[in-house]
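Several structures are given next for inspection.
Across the two complexes that follow, chain A remains constant while its partner is chain B and subsequently chain C.
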Partner chain A sequence: MEELIQLGFFAGLLMLGYFWGSVNERRHYHSIRRREKKYQSVPAVSFKSVPANIEVKTSKLVIGSTVISIDYFKRFMAVLYNLVGGRLKPYESLLDRARREAILRMKQSSPKAQLIINVRVETASISKSSRKGTVGSIEVLAYGTAINYK
Partner chain B sequence: MKYQERKLEHELNVSSSNLLHDFMLYMVGGIAVLAIVFYLATSSVNFVIDHLSPELESKLYGIVASTTPTIKADPHPRQKEIEDIFRQLLEQVDIRGQQFKLKIIDASEENAFAFPDGTILLHSAIVDAMESEQEITMILAHELGHYYHKDHLRGMGAGLTLLAFSAAIGVGDSSLKSIVTSILQQIKKKFGREQELAADLYALRILKKKYGSTQGALSLFKRLNSNTTGMARATFYLSTHPHPNDRIKALIQRIEQ
Partner chain C sequence: MLLSNTETIPGKEIREFYGLVAGSTVRAKHIGRDFMAGLKNIIGGELTGYSELLQDSRQEAMNRMEEQAKKVGANAIVNIRFSTSSIAQGAAELYCYGTAVKVE
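Let's look at the complex of A and B:
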């Protein structure tokens, strides 16, 4: 009986994770695509210095960061993929969303910038559990130098 | 240099395959592989146990017996009567290398146990429920059936397989581990219930040999059954013993044969 209850809880959590995880992801991607179109006119590039023909009027540091968690279903799927190897599909969308969201927030923090140079993206895993090898959620930080020219 | 806006339709960094499809595939495949390996492991353990030399067998029994707790018997008015029947019964059976002891303790569930060191433990409730000599023989012979089939050694084998499996899966996530262990526990319990039915059939053979009839076998289980009708069948499915109804059915089948 105890095992059945345990199994039931597990299955329930998996379904909950799958349902809400998919809904959240779809919503997030929808918002990301919308805002990416909106901020497309602000190029974020990885040049270290300003191109020679540009005369800089103002420059400032811009930062965007985001923390996203994986859902229960995807975490379980990641364990299964871990056993057999291959692409860790459940984490691909997590990282993709976080990266794009961080860059968007960076752009949003300085909407009037004409160019953002020296853009860097960094990832850190945030895991409150002490268990080895668990990645519950991630932080992605994007930063660069926003520039307005004369 | 002119900045050109890029089209944003491509999602190159995310695999487009369906996770739910992979989930089904992995679960079904995983359970199938697990079941096959578990079946092979337990049947090879059983094969080894069936072909043990008597010396090795008694050595192994010695290891299992060391796990037996010390039990203090409570005085019961029917102790002597049951011991006499037990002694007669022992002359009928062929079980090597065991020194049997009979103990009765005060307990309200109708149950009896066979410990690996040869102690047969009866709860006072089942002693009080037994009405005829045949019924007493049935219960005692059932417990002897566990020794006859070497169920303790098989249990140890199954336990070791289970341990090996949990250790192997221990490398993964703990939620996966607990789920697999609980599935394996269910399989192990099913084997346990099969052992109980096999012991019932053994007891039936002994009863037939001793008395020429098998009346006592059914009457006791029928009485136990009337005490448990209120309980859900699912509870029995998960417990270690078969439902009395299933036991009666199996016994009737065998008697007809």
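Let's look at the complex of A and C:
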């Protein structure tokens, strides 16, 4: 009986993770795409300096960061993927979302900028679970220098 | 104080170098946030509590760096870099460093 309850609990967590996780992800992607369109006019580039023909009026450091967690179902799927190897699709979408969100927040923090140069993106895993090798959540930090032309 | 992660402040010229300045802070998460994060770990999505915590801590590290630069008489910091490392279960160190300079 006790095992049955445990199994039921596990299945419940999986279901919850699957439904909420996919709804969350769809919603997040929708909002990312909408905001990316809005900030299309502010290019974020990884050039180390300003292109030579541009005269700079002001410059400022801009930062954007986010912490995103993977859901229970995907974490379970990742364990299964580990047996057969290959692409870990659940984690790919997690990292993609986090990076795009961080870059968007960087742009949002300085909406009047015309160009952001020297953009760096850094990822740190904030491991929560004690199981070795599994990542609970990741932090992505994006930073660059926002430029306004003369 | 002008801040930039490029090697110069765009549109200005560096007159003097004062050397490396750095700021760091070690933060632990508190139990309420940890509990919410545990729930969020099931359904996925952004951990708002952690996001804010890290943003605040990073701001503090930057403030410390700026104070250090002011002390040596600089008016700008160039080539700023950030790094995050988890040093213990539940604690993270946020570190930032750059070169203090005088620009005109």
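We adopt the following convention: the second predicted complex is superposed on the first by the 150 of 150 C-alpha atoms of A that agree within 3 Å, B and C clash if a C-alpha of one lies under 4 Å from a C-alpha of the other, contacts with A are read in each partner's own complex, and residues count from 1 in each chain.
By our rule, contacts are C-beta pairs under 8 Å (C-beta built on N, C-alpha and C of every residue); 3 or more make two chains touch, one makes a residue touch a chain.
What you see is a predicted model; the values in this text were computed from it and never measured.
In the overlay built on the shared chain, the residue A:E36 is in contact with chain B alone; chain C does not reach it. When both complexes are overlaid on chain A, the residue A:F76 reaches chain B alone and has no touch with chain C. With both structures placed on the common chain, the touch criterion links A:Q108 to neither chain B nor chain C. Of the two partner chains, chain C is the only one touched by A:S137; chain B is not. Set against each other, chain B and chain C differ in how many residues of chain A they touch, and the higher count belongs to C. Counting contacts as defined above, chain A residues 74 meet chain B in one complex and chain C in the other. For chain A in complex with chain C, the residues that touch the partner chain are 13, 16-17, 20-21, 24-25, 28, 48-50, 55-61, 63, 65-72, 74, 101, 117-118, 120, 122, 124-129, 136-137, 139, 141, 143-145, 147. Note for the complex: chain A touches chain B at residues 1, 3-4, 6-7, 10, 18, 33, 36-37, 40-41, 43, 51, 53, 73-77, 79-84, 87, 89-90, 92-93, 95-96, 131, 134.
Here chain B touches chain A in the complex through residues 1, 3, 5-6, 8, 11, 13-15, 17, 19-20, 22-23, 26, 30, 172-176, 178-179, 182, 185-186, 234-235, 238, going by the rule given at the top. By the touch criterion given at the top, residues 2-11, 37-38, 40-47, 50-51, 54-55, 58, 80-86, 92 of chain C touch chain A in their complex.
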